[in-house]
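Two complexes are shown next, each including chain A; its partner changes from chain B in the first to chain C in the second.
This part shows the complex of A and B:
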């Protein structure tokens, strides 16, 4: 039988304590936005390498080539500039490469010859260098195909599995919502419990004529409500600021709500185990980043090694991201179905609440 | 003052752990990312048994930088792998490929799980490059006019070739390029968290009253606090740097050790001073932990620790000029990855200026509080 009064009182107490910890609540809200910003910064570095373009030819054919460079699978952010400035910029690390279209480019091509483009690459980072090296053949094949040059015998024909393209930042920010929920709700859930240890008020739980579990539920409801406000704000930024409109609105709301409840419960469990705020807050932040990557936040996790994919199943973020990507972008990023992912999240929540209640009950009895 | 703070921090292992955990998390993140950004799993079906198909398959198999190839016998099997997300794409060299090559209209089909443009574009670029290698096996071997071999263009049907000049003698691996700045995150997080913790602890335990009553000069108080934080940081950082140097992860070129250590030292002073300032504003350990980790993250990310500043929008690049850690990270990369020390002096001067301003602000703020 649910002890509504105990739950309500515990929730009211937690709300009162949170209202006295405004800096904490403000920081938590800031944290939710921080993750969106951080993953956006990462996403921006994944495409459109800033590249100096020096066109000495300036003919329709060279302009057509530049258009193909620009369209080469989001590879280049072309910045026309004189060679002196380009040399300066590349040595300062402001651009990744310099592409020079030599004089006589179109003449040479029209006469059936091959023209040579000098390309200077800042090869300080092997990953960026590889992107530039691979993007140039893409632009060159597209250029040759559009101009119908004879002698090209093979072409690549693409068939997309998904009927729409999702931008990288759009993809990342939706995953970041799960990350934000993990950190924000986790920390609030943890603080709700560690405060009882640090303030030595846990002994008072023993005096309460109700089961510890109901007090825990009440505190979790309050912490979840505050976390939900922060996540709603982050969600609105994703929808309005990033124009990532959910494909399934009710699904998105339900997924975020489930994430908040789950991570608040996990936070409470961590709080009950660690009993101190300082390491728990840092732990959630520190765990968030590796969990984020090992949960399919950047791409379906199974595309990375099978072992990583297996390990990812131990993180609730894996299923959370699966559900969120479906609800926002209509994508299936896990081999498991939507129902399976939702069930896993529900089981995680039940596990966290039950274990936290058990740990707290034991500690209260000891106290 | 320094001895007292050192003793307090020695008895706060959780505080030190709280500073180390985010850096450790970032290290794991970068290691995992190294796996994620490299080659993608792709299934290959070679339906044609002719020599041309074998050449095409050989090109695809040889490109181990781009593909983790699984050769499968049937398209159905490849499709199953794609559905199970065991591969990101399937490439099919269809039956009749050889005849298509003879006619000049052969096709290589690929089915792509275009879940986002990052992974999709990577595979598109790789397939295009493989196709170019079939028709232009010597692609990229021309010499630009003016270079040795004066303007030698190796003909190819695309009529465009490239000649690449690398700015550096060696490529630095993605792993190393991203991992080493994590050391700076450790410095920043340690400095801010330890510095802030000391201040907030004084308030939380009300021991600030004793400090206010002690006949300490304002400057002694601040310098003592900074010294206590710095000594704690040294206790953590010296073994880490020594281990990385012993392992060969930190291996700066000859003569680069002094500027590298100077960058670490000035970043440590800066973060300890920022921490001391934060400790004045915040009075609870829970808020200190959150605020310190958040500030350290912003300083690290906006400074280019996890991103390449040049890729960011103009306004963010302008903003990052006001972020002191940008100079620390730029300087650190220059001392470790480049043969010269171009720009390091400027980075160090700017970093020291930021550190100086932070220390002065600390003297003023802490002094005012104790007064």
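This part shows the complex of A and C:
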């Protein structure tokens, strides 16, 4: 027999408790949205990679070929441009490939000869390179069929930008270090502060003749140290287990240390703003995967949908992954330089620490 | 105002939105005195103590430290002179007693911290509990640790917000002993409570606060003189009115009201309850008890007399 009264009382109690935990409710709602964003991101990443098109032939047939390239299942976003600019763009990481339609392309096709189609690919990871390799023959076949050239013979000649290829898993696990730092250091940094609110011990900080900002820094150092141990273990697994040996060992150590300090500080900021552990934990777990996917964790974000790349700049993981991929694999995965990414990480850290200190130091309650 | 006021709150109003927590309230706390703020929950006691601690700024009015106006947060040298025990013990539950006091000593930059922590542990009688986790202590012992934490930097001025809230009688009297020791040591103490007996036992002066306003002020004897005593009468079923008639001709009774068990008679302070007790020698009466008024009754009594 259902005890309706007990059920109703418990329901009332839960509603009352939730109404007292508005940040938690808000963040749980936001988390549901972030999962939607996450699914969308998985569909969008890898689509319409920016690709330079150089058409020296400029005939109706070459234009027909370009149309078929364009239609090749979300693979390319063709950007007509001169060869000089294309070379600049590919070396700065702005585009994924250069497709060149040579002069005499139409004549060769019509005469049944073999046409060489030069394709330059930024083979920053094997997955993306394979995408280009697969998409081109598909477009060529479609083009030949629609123009009635059953015997057409076109072969692509690939010139790699980077002298070594990076395995997709190797690429992902290095990105995952940034994600691990985000979650572990973020939660530790947050809890270091939320505990002070939840235990009401922050009042003692405010009564003491010391600046709260220093107490914050002391806590962040301890939290960062613990987080660093956890990330070091994860890093060792990447090196030993996945054989992803750092191209720049000291750079890798510095990059991981910077990530840990940054994310601990961001955690502390979130802790200072939300004051409770549960909402902050929900926030970090909710943000982790969208930040991860929209930060170039799976491939350089610049090769993705333009808006994803723009949005990625709001994620601190974007620069973190840029620095980590450089230090582990010697790759430049963002148009921004290593120095710029490092500076961004340092600025994020300074911002988080200063704002958290300001929030914690807000000693006075004015009506 | 007192000549040697350590802290003075002058015509302070504190608003939270449309709610007025303190309304044009003034108080001066003289050097070496123990001043009690007495009032029910929601009277504005904690708000007043937050202003005195430098944890809040008033909406209007002034806070003066040794005659000079100060704004919260107080300067460091003033913060070094103040020790605060908040209503919540706010200890680090997962840390030991010793770690809690050490942290407080570090926060207040106490010289010879270890030595001072040892002295404080001795003072609060917890030298044998130093390794106990604070969270595992009883409420009364946690209050003693909180008091020790407020004393660790040897402040001149102590602010104690309901220090005996939620503790048993034994722990309460132990804490009273510590406050008396503070008074003997010449410390200035501002203490809030909602127990009249506590204020009477500890304070040189009592300010009664109600809905953010001062209801009454005076030394404990003066206040007791104004609140009187109560006689609780247990009556047999249906005998309330006949018993009330038994008391009708007794002079000096301020008020008779019906209670859960019978009647409550209010007598002015100094009047003997003997006449009332003698009049109640009847089969209609099951029992008689003479007691001091509780907080609500204090307010009723002061309200009757003061306005």
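Heads up, the rule we're going with is that the second predicted complex is superposed on the first by the 210 of 367 C-alpha atoms of A that agree within 3 Å, B and C clash if a C-alpha of one lies under 4 Å from a C-alpha of the other, contacts with A are read in each partner's own complex, and residues count from 1 in each chain.
Assume a residue touches a chain if its C-beta (ideal position, glycine included) is under 8 Å from a C-beta of that chain, and two chains touch if they have at least 3 such contacts.
Bear in mind the structure is a predicted one, so any value in this text is a computation, not a measurement.
Peer 1: Counting only touches as set out at the top, which of chain B and chain C does A:278 meet: first, second, both, neither?
Peer 2: first
Peer 1: On the A-aligned overlay, A:204 touches which partner chain: chain B = first, chain C = second, or both, or neither?
Peer 2: It touches chain C, and chain B stays clear.
Peer 1: Is A:161 touching anything from chain B or chain C once the two structures are fitted on A? First, second, both or neither.
Peer 2: First partner only, chain B.
Peer 1: In the overlay, answer first, second, both or neither for which of chain B and chain C A:137 touches.
Peer 2: The first partner, chain B, only.
Peer 1: Answer with first, second, both or neither: which of chain B and chain C does A:119 touch in the superposed model?
Peer 2: After superposition on chain A, A:119 lies in contact with chain B alone.
Peer 1: In the superposed model, does chain B or chain C contact more residues of chain A?
Peer 2: Of chain B and chain C, the partner in contact with more residues of chain A is B.
Peer 1: If you stack the two complexes on chain A, which partner ends up touching A:240: first (chain B), second (chain C), both, or neither?
Peer 2: In the superposed model, A:240 contacts neither chain B nor chain C.
Peer 1: Going by the contact definition given at the top, which residues of chain A touch chain B in one complex and chain C in the other?
Peer 2: The answer is that chain A has no such residue.
Peer 1: For a test of understanding, state which residues of chain B touch chain A in their complex under the given definition.
Peer 2: On the chain B side, the touching residues are 14-15, 17-19, 21-26, 28-29, 32-33, 35-37, 40-41, 56, 65-66, 82, 84-88, 100-101, 104-122, 124-129, 131-132, 134-135, 139, 142-145, 147, 151, 153-168, 170-174, 177, 193, 197, 282, 284-291, 293-294, 297-298, 301-302, 306-313, 316, 330, 333, 337-338, 342-343.
Peer 1: Would you pull the chain A residues touching chain B in the complex into a rising list?
Peer 2: 21, 23-24, 27-28, 30-31, 34, 37-38, 41-50, 65, 72-75, 90-96, 102, 108-109, 112-131, 133-138, 140-144, 149-162, 165-168, 170-171, 187, 191, 194-195, 276-279, 281-283, 285-290, 292-294, 298-300, 302-306, 308, 331, 333-335
Peer 1: What residues on chain C touch chain A, complex-wise?
Peer 2: 14-17, 50, 53-57, 59, 71-73, 76-77, 79-80, 82, 84, 86, 88, 90-93, 104, 107-109, 149
Peer 1: Flag every residue of chain A that touches chain C in the complex, lowest number first.
Peer 2: Residues 199-201, 203-210, 215, 363-367 of chain A touch chain C in their complex.
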